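In what follows, chain A forms one complex with chain B and a second complex with chain C.
Moving on to the complex of A and B:
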């Protein structure tokens, strides 16, 4: 009957260790899978970005260090694409934020058919990006059959080939149309989280409706606006489908993701160079995402 | 300085058939602290919100200082309101919260700061002026809400259950502070509560509401001594009045087999009322234990010893059914559960006609 003597501390340590594994084990497969499909390709991309790899020559792939990166500052196409990315993201995020806030303010009141209208307003967000692009290109922007040009014609204005003449604006309009519902939902959550009696107190205290919005509602919405901006920016920085469908390879509306695809799988075949572009986009996205997460956690802390 | 008058004021919510407030007639004198009290759903908060302008008056009218304000928006009524959850502006500091109404009225910054400081001094809020509401305790938030109201020197203060979110001890303390503050400022105050103790201790007069209908308006003492109907009798007083259904026999009322002595006046008044089943009420302090033998026989079922006083629940047989009478006793009672006792009535008895009105 010689049982090993285990101290109380040792017993507690063992229990804690077992408890730790009991929690970790269930998420381990998912974690390994995520690492396999995201981090390993990322490491490959990082490696490719340091080579001159292109698949249309017989020359062997050569390691060229950071040359791809140092050449970026003089690469006019890259700089153009980067600038378009910034313009497109900023305009689409701000536009959808303004439209979304307006819609949210209209929805944040009781009226007949409120739920139905809200569902209708959300639908653009549920449309696949490629389908949205085709719809707008063929049914709205088209010079011959498009609804917008039909309206313009009826008031005596000649047809405009929107996608050719204003490629960036055309893409941004579709992005705003698709992303306003997303912003609307976030802002609506913020509006409906407002305490009704606070608004009543403001009325009793003599505030006008604009004064109430500016002094009470807007400061309370701020974290929600920030959240919408950051989540929107993370998604809209990587738009590809809309550009491909609406303006295709035309200049003026090519953002970095589109340009990366063009330069690699899209026929450019310069995988090494395109990889370095990707790394730049990833770094920019990580910076934005980090700020976003910090805002998000700030929002959650405020609640508790 | 303001007096308030409700003239047959009603509030009917769309889709409902019974008004939340039904033809309320009420005169509130200048400088008076009037308490609106009633159970939940009685319309007391609605009545207050009608005065605030937050609730539409569907018929009748409301006057402040003889000015008809029925259709005026809240900001044109010169009233200040304290909400149950305080409704502080979360993004503003205590000072900004208190100065908000003055800012809307375009009062200069210096003037505003001075008035806020003065109100903060009265309420002991000076150390907290730069804090946000979320960094304050419940009691401090309540005081900020008060400060926001008094900083404006309004014509009328409206209080919508302002103490119900405080813990019991703080509630009692704040209650007395509030009475003192109202007395010093001498501003008309309408105070809504569901707590009859608050109503009795604070109100100059108390208005009891039930189902949107005003039951009685009177001083706390009058309400307690001469409730106009069975509802008021049961609602006012803690513990509640012992109220039993009693069948009239030969013009007499018997409580658990013991005939009750009535004044000649009451007997005559009761005789003028038709019907058989009356309500008979006796307050716990008007019942006494006796050792002489004649009286209502019962058995002690619960002893609530509060220290300074005790309340004993006594099971008695009344008209063939078991009923409980609550009897007030001294704090050092030696009676325990299961003791057999004899109760006699020693004090006023209330008799209510079959339709609930006091006779």
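Moving on to the complex of A and C:
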């Protein structure tokens, strides 16, 4: 009966292992699905980026090492698109964060029709990006039928074809219109979590509104502002729909995602080169994400 | 929950003076209406004749429903309204159901019976959201082409599931984390099975969170355009692609495009209005709690 003698420790370890797997099991389907659909294709992109693959010719795919990457510094189209991506993301995130904070501060007070106005303010975020783009382009920015130009005309200013003349600014305005409500709701959640007694104490001590905001409200809002920045940046770095609809193929507001699609599956067929662009976008995103996640993991610390 | 319940009589940051408060209230109304104005205008244009919409802006016109019937009945042979609506409906429904089937057990495991390094797993899910779509679009296009999936609903179902899964795990975990541990322990002591615990203790508490998460997935999937236009641009495609196709290269189309936009946007906007508070709470709490 020697085999039946299992030490107590071994038995405990065996049970712990089994328990560990039982706990991990429910996560596996989601984990495997995510890896299959997002991580594995990414490895393919990495491989393509090291080749000179053009899908439109019968030439075989050749491994060319980092040549695609070394050519990037002299690639004017790439540099333009990269610069547009940076400008567009930064302006849209900062713009919607500032507008969203302002809206949240205005909404965080009791006034007649508060719920109604909040509902109106949220709506832009729910609108299909394609629709938002069309609406602004054809009905707001348009030189002949656009409302903005109609207002400009009545005060004596000539019509401007905004989408052609200021393509980047036009796209950014629509992005801010759509994302401010999102930022507003996140910041509103932060404002409403404030400790009223602390605010009251500050008021009794004679603090001004601005002083209270800067020294009490703002520090408490920081995690919410950071969360808004992070989520906004994730989505806004890969804007495509608005660009396609508002400016289409014209230069001036093509960001990297738009340009990559155009140069590969959109008919350009330069799969190798476009893949190297993709990898650059991914690396930039990973840098932003790491900074962001470090901030967020600070938030999760006392939850273990 | 504490984060959303505020003690009564908290002073707002802006406007402690009554006159200032009234003025700020007016300002908020003005800005709210200004933000909504483009949509109001879009709806108005949907009820206009093309000749009225394609002219100097006006508020006075004879409203007509003709544009709505035109865009819903027109069939260019590529993608009709009925096809697009049906495709969108099924793609969004099936992908959202799949997301929930995959995300609920994962979120449950991360929140209620956490294993070691659960935070790493959670961060892995979120980090896949940082992988821009362009980082994977080419291989996905090639794989879909080789599997003969280009131009099918299936490819969009798979991609929308992958697109919404990280967000759903992230949100659901925070909702599951709100279930008091004592309740679950009490149920265990009473001899309640795992399924019984789920059904009788956990589900009633997280049900609103499940609904809010599913709704957010529906909104993102319904509005998605990039995958749809790149991988499935014709007959099996969705509402955003249909709206895009209402832009004509000749003749007047502004009123028709507006009517189409209203039809495409309305379902999700109404759903969002109904669930506004809970949705964002889930998003914000995912990070804060």
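Here, the second predicted complex is superposed on the first by the 296 of 304 C-alpha atoms of A that agree within 3 Å, B and C clash if a C-alpha of one lies under 4 Å from a C-alpha of the other, contacts with A are read in each partner's own complex, and residues count from 1 in each chain.
By our rule, contacts are C-beta pairs under 8 Å (C-beta built on N, C-alpha and C of every residue); 3 or more make two chains touch, one makes a residue touch a chain.
The structure displayed is predicted, hence computed values, not measured ones.
Enquirer: Is A:209 in contact with chain B, with chain C, with both, or with neither (first, second, both, neither)?
Expert: second
Enquirer: Figure out whether A:201 sits in contact with chain B (first) or chain C (second), or with both, or with neither.
Expert: Only chain B is touched by A:201; chain C is not.
Enquirer: Between chain B and chain C, whom does A:157 touch in the aligned arrangement: first, second, both, or neither?
Expert: After superposition on chain A, A:157 lies in contact with neither partner.
Enquirer: If you stack the two complexes on chain A, which partner ends up touching A:119: first (chain B), second (chain C), both, or neither?
Expert: Touch partner of A:119: chain C, not chain B.
Enquirer: Would you sort A:288 into first (chain B), second (chain C), both or neither based on which partner it touches?
Expert: Second partner only, chain C.
Enquirer: Between chain B and chain C, whom does A:219 touch in the aligned arrangement: first, second, both, or neither?
Expert: first
Enquirer: Return first, second, both or neither, reflecting whether A:15 touches chain B, chain C, both chains, or no partner chain.
Expert: Touch partners of A:15: none, neither chain B nor chain C.
Enquirer: Of the two partner chains, chain B (first) and chain C (second), which one does A:131 touch, if any: first, second, both, or neither?
Expert: In the superposed model, A:131 contacts chain C only, not chain B.
Enquirer: Among the partners chain B and chain C, which is in contact with a greater number of residues of chain A?
Expert: After superposing on chain A, more of chain A is contacted by C.
Enquirer: Quick one: is A:79 in contact with chain B, with chain C, with both, or with neither? Answer first, second, both or neither.
Expert: neither
Enquirer: Under the contact rule defined above, give the chain A residues that sit at the interface with chain B and also at the interface with chain C.
Expert: Shared contact residues on chain A: 195, 197, 200, 203.
Enquirer: Give every residue of chain A touching chain C within the complex, in rising order.
Expert: 20, 23-27, 29-31, 33-34, 37-42, 44-45, 48, 103, 105-113, 116-131, 134-136, 138-140, 144-147, 150, 177, 180-182, 185-186, 188-197, 199-200, 203, 209, 212-213, 217, 223-224, 227, 231, 234, 237-238, 240-241, 244-245, 256-257, 260-261, 264-266, 271, 274-275, 277-279, 281-282, 285-286, 288-289, 293, 296-297, 299-300, 303-304
Enquirer: Once bound in the complex, which stretches of chain B touch chain A?
Expert: 52-54, 73-75, 79-81, 83-85, 87-92, 100-101, 104-105, 134, 148, 152
Enquirer: Quick check on the complex: what are the chain A residues that touch chain B?
Expert: Per the stated touch rule, the residues are 195, 197-198, 200-208, 211, 215-216, 219-220, 302.
Enquirer: Flag every residue of chain C that touches chain A in the complex, lowest number first.
Expert: Against chain A, chain C makes touches at 2-4, 6-16, 21, 24-25, 27-29, 31-33, 35-39, 41-42, 45, 53-57, 102-103, 105-106, 108-110, 113-116, 119, 121, 123-143, 158-159, 161-162, 165-166, 169, 177, 219, 222-223, 225-226, 229-230, 239-240, 243-244, 247, 254, 257-258, 261, 264-265, 268-269, 272-273, 276, 280-281, 283-284, 287-289.
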